[in-house]
């Protein structure tokens, strides 16, 4: 009996509080939203920095959402954001994994929110089905793997001749797969370079360190260690240093985190490709904002410009100093008038 | 000499009266109070928190956690724990996408059956090999996760031709999303199972006093196997729903559900020692976590701070709702 | 009962007017006890007479509701075991107080390691040496570094005695008091002899309170005997020249009233045999036995702890495996060693450990009562709340269970009402044979009478019963037949039909 | 009075004292509780020696295994304490993350002017210890089960670490500790020596100090220990605090080994460490197994994973192998007869 009474009281309380709800009064200013995968690495943190800078310039509020690698949280947080702003927002998403894109697309379509997507997208999902999906953009991962591999091969005692080991990212990740394809393309081009063994280190510095250490014990005479990103390169450099190979055997990376630039300068890393997530955030948000303000007619964009690859910046020992001073340390003013200034290819 | 005994008698009486009053308050009531407090705070912070859109969001995402937590509840009710739900969810989520492509609607029963089998294996390791469930499921969790990678080492997306099969999960009836309905139906079924069936009652008795249940002729091994099978079944449902919502599977998607499901069960006031608590407690525990998760975003609490706050709220929640009278030694 | 106190002996510990009540029961009612220096005092009484409670009060686990304790002439309050031991009083309980995963040495010195510390480090060597020194007079071969879990029951007891002595020695008690709670039940004959050797030696520097059921050994080894009955003092006298029969008379009491056990309700059993035991035996537990239990018959198994009667009952109930012979219930033979098969065959078991084995304490009275009959309370294949409530209410009324509501948790009920819940559970399930293991243990007089009434009532309805009781008079009063077990053998069968009841004195001679 | 037939008996030396050296060794081995682990370790090494054609026994590889096992061994030496008292500690990831971030920010780095030099070691340990202390206090004083207390605490600490860290990769510019870690004055890397020393110290603490023995008393029978006068709460808090200290040390070493600090430092360490502790034979019910077991468990798993890398086993099958080994190891070593109903 008591329980029943309690539940009735509870329901009544809920009903009262529900009746007090005022229907969504939309925020008057458009909120700029970036959804990223985590807050604990510089690449993603730069997304936030870029978005905040843009928000300041335009006088618009910025919200940074982080999924912590959890797809359900990603959806839930985005929905919460839609609720919060009443749908008056534009979104720049770095989806957790490719399959997350469809529900996000549906959710934002229903809410009438213009948005831009980065990196991951199921192949057979067409943007044309979703009028509010302004663009899908990615860096060219195959090219990244290829470029870094060729730079690494150059550093061998006999350039382009020798053996390497490779440390992959998370096997389940598109960027990791693309970069590894790039490596294989390079290996085909330079038949004198042998890949003796590869392991996956899940983008994790510590794991890369451990795996490299073990591989170096098995193959002490390699000429280079190919790495799929800079985070792992840090671990690889530490392992090489321990083996007394720092500066003799080099590694490479992608992303362009500060430590990678230091390593390139110090001569323990051959190259990296800088992907400016500040630019990513600003480009995506500006495109979505333009669509929302009617300045960009989404329907009129050609398919090649709805889904496309852009180029990153190659960083090697030759340009690292100036690049860091001019681009990394200061927030550059990006050319946001032409959305397609870095366009290299369409995504099929 | 005269006074002493009286002191000794009266003091416990006052305490007893107080205890009786406290005794009437069940853990679940305290959880509800917590929910009301958090809900009020959130809706003051942003009135959109109680908009229909957001309530639908909370309910449909809460429903997924609810199903996972209900499964975990079975393992906890019999005094064990299931750390393999993450692996099962991941495996089913990738399996389901493949199966839908090749066998259509048959994917649903096959996946659910797989969940049952995986749960049964956990049960057998506990009851026949006699390894504590914590270790057993930690081990099988690793093995099942590997299986998920064998099925697909990377997230896979369903072909758009197959989208029709996902409507079971993704559609809505009169504006109420199917996920929420599935959650509700599961909730009711499990409520009914525990309330109206012999096997359901056995789970409580085995959790409450396994020796007594055994001496009363209960098939202990069968009861525990059933509990783990239902846990596996719920995990399989979560896997299917996640695949459905995302139109694709992912071999790591389940990881976050392992500890979250335990947290949802415990915050509802269920002790890890087993035999207490039930579906209603789990419902409110899940609601509490879902409200927090959603509310912190709606109110706009700094993303950098949300994780820490969630941890604080879990400890607070358990501190308030945990029924210490039933467990003299707290481990 | 005044006795002369020899001049060399002084009173070490005295308890005066100790009263202790538990919900529904007065366990001790103005009990007094004197322990003198250099003596072995036998404390005797049947189960539930209050020996254990008195012991626990003396060492501070319980506090008395009334009464005072004097130590060497000064009034003291015992605040827990560690306080008591510092005052020189320690007890060794049957259930033991050694931590199983720690070694003998560690258990001996637990919480009192200061002597063996050197710069904060324990000297294992010195600890082991000291442990060996302490155990040497105990005359047993124990590896002091072995974990206690690996020791025999006898060895564990020795370790505990050694610990109590060492501690009292350490705290400077000139004449420590060691209370031994039924130490001999777990010992074999030679171990028992050794124990008494040691106790007799110990007497030179300590007082020993020896609690036992076995009058023979009490009379042989104790200097003085105190008999408790139903929480009251009965006697206090020297053992010299005392005959067992005198003590037996004291033990079973004078107020032996004929109809305490509702004997006038006892009926002759029906002809059909409900339970047939044929040559059932279990190595190390009991020799092969055979007997029948008829419909509506109450059989009482009589014997000391260790006589094999508990094991026999466990085997019948399917809780243990037996080696030879068979159990037949109503013509069928349940698979042996399966409690499930036994229950399905119609064998019920009311355990002695109510809270640990009999009830799901955090579940409600209704849940517990209905547990075995849930399948019958279904409507359209589902357990019906209405039928459940009806059934529980009916049985709560039938068995006079006093509970705030049928939805209250069993943990909150008194022992008597908990027992009635367990009885309701079995009786409502259509059980054919009910094994009652000390059904009135720890419950008050009123509840006892209720339990007797239920037993009679259901015997009348044709349920066969095997009982083991706290007191012989209870055994005699309730049973149609008594089966006496001694040293793992069934040694006799005594008719106890109304009008032919044997006297407890006759019976106790067979038992001990 | 019985005749004192036992006078001569009393003088005889107990059997347990006698015996040849072989018997003594046998007894010691049996009691040490690591025989099964020793055998498993040898077995795993042997299997991979066959599988990798002896590559895993090369000097270089042994060096690698030892130095890789070091940090997990230190963490396991901490975590197993909380299991010995019958609880569990899930706060490892959070504590390591927070300590790592503090260590990074307090060492000489690019982001701020801090430089506490080698003081970073005690400071890191102290921060870890403080986290453990809070955990222990919450667990004992608020009477919340350790499972959920430490889970909540882990989220709080990890959240704080992320909050403070703000996604920086803090590069250390002081490589004294790093150099020390990798130096091999004793033939093996110092980090392995440190881990061995820690394991020995913790084992010594468990065996030879009062508090150490109380840990086992609490794990064996908490209620009884309390009754006998053990200050149970204090012992439990201490276990969590010491565990925290060791996580702190682990974080210091993790950060310095890599030369960079981030809040990701403790990622994916918790369950492998629990697995190692369980494989080593520390019973999750409490009261059994010590630091040496944790050490052996870690070694077995490290050798196992190293062997699989050398054999180029599919990385994702490695999780499965760990799972199988966990179940098999516990199935073989757990004495289930004594436990009654297993939960």
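Per-chain residue numbering starts at 1, and chain names A, B, C and D are given in the order in which the chains are listed.
The rule is simple: a residue touches a chain if its C-beta (ideal position, glycine included) is under 8 Å from a C-beta of that chain, and two chains touch if they have at least 3 such contacts.
These numbers come from a predicted model, not from an experiment.
Two chain pairs are in question, A-B and A-D; the one with more C-beta pairs in contact is A-B. If you average the CA atoms of subunit A and of subunit B, the two centres end up 33 Å from each other. Averaged C-alpha coordinates give centres for subunit A and subunit D that are 36 Å from one another.
Each chain gets a centre from the mean of its Cα atoms; for subunit B and subunit C, those two points are 43 Å apart. Residues of subunit D in contact with two or more other chains: 162, 166, 316. Annotation for subunit C: no residues touch two or more other chains. Counting partners per residue, subunit B has 149, 153, 211, 214, 304, 307 as the residues that reach two or more other chains.
In terms of inter-chain touching, the protein chains here follow a pattern that is not a line, ring, star or complete graph. A complete list of chain pairs in contact reads A-B, A-D, B-C, B-D, C-D. On the subunit D side of its complex with subunit B, the touching residues are 86-87, 90, 94, 138-139, 142-149, 151-160, 162-163, 166, 222-223, 271, 274-275, 278, 284-286, 316-320, 322-324, 326-327, 330-331, 334, 336, 339, 341-343. Partner subunit D is touched in their complex by these residues of subunit C: 61, 80-82, 97, 99-102, 106, 110-111, 113, 117, 120-122, 124, 132, 136-137, 139, 141-146, 149, 193-194, 196-197, 200-201.
Across the complex, subunit C meets subunit B through its residues 63, 65-66, 68, 317, 319, 339-344, 349, 351, 356-363, 367, 371-372, 374-375, 382-383, 411-412, 425. Listing the residues of subunit D that touch subunit C in their complex gives 1-2, 4-6, 9-10, 14-17, 31, 207-210, 213, 216-217, 219-221, 224-225, 227-230, 287-288, 338.
Touching subunit A in their complex are the following residues of subunit D: 55, 58, 60-61, 63-64, 67-68, 110, 162, 165-169, 171, 178, 182, 254, 257-260, 262-265, 267-268, 306, 309-310, 312, 315-316.
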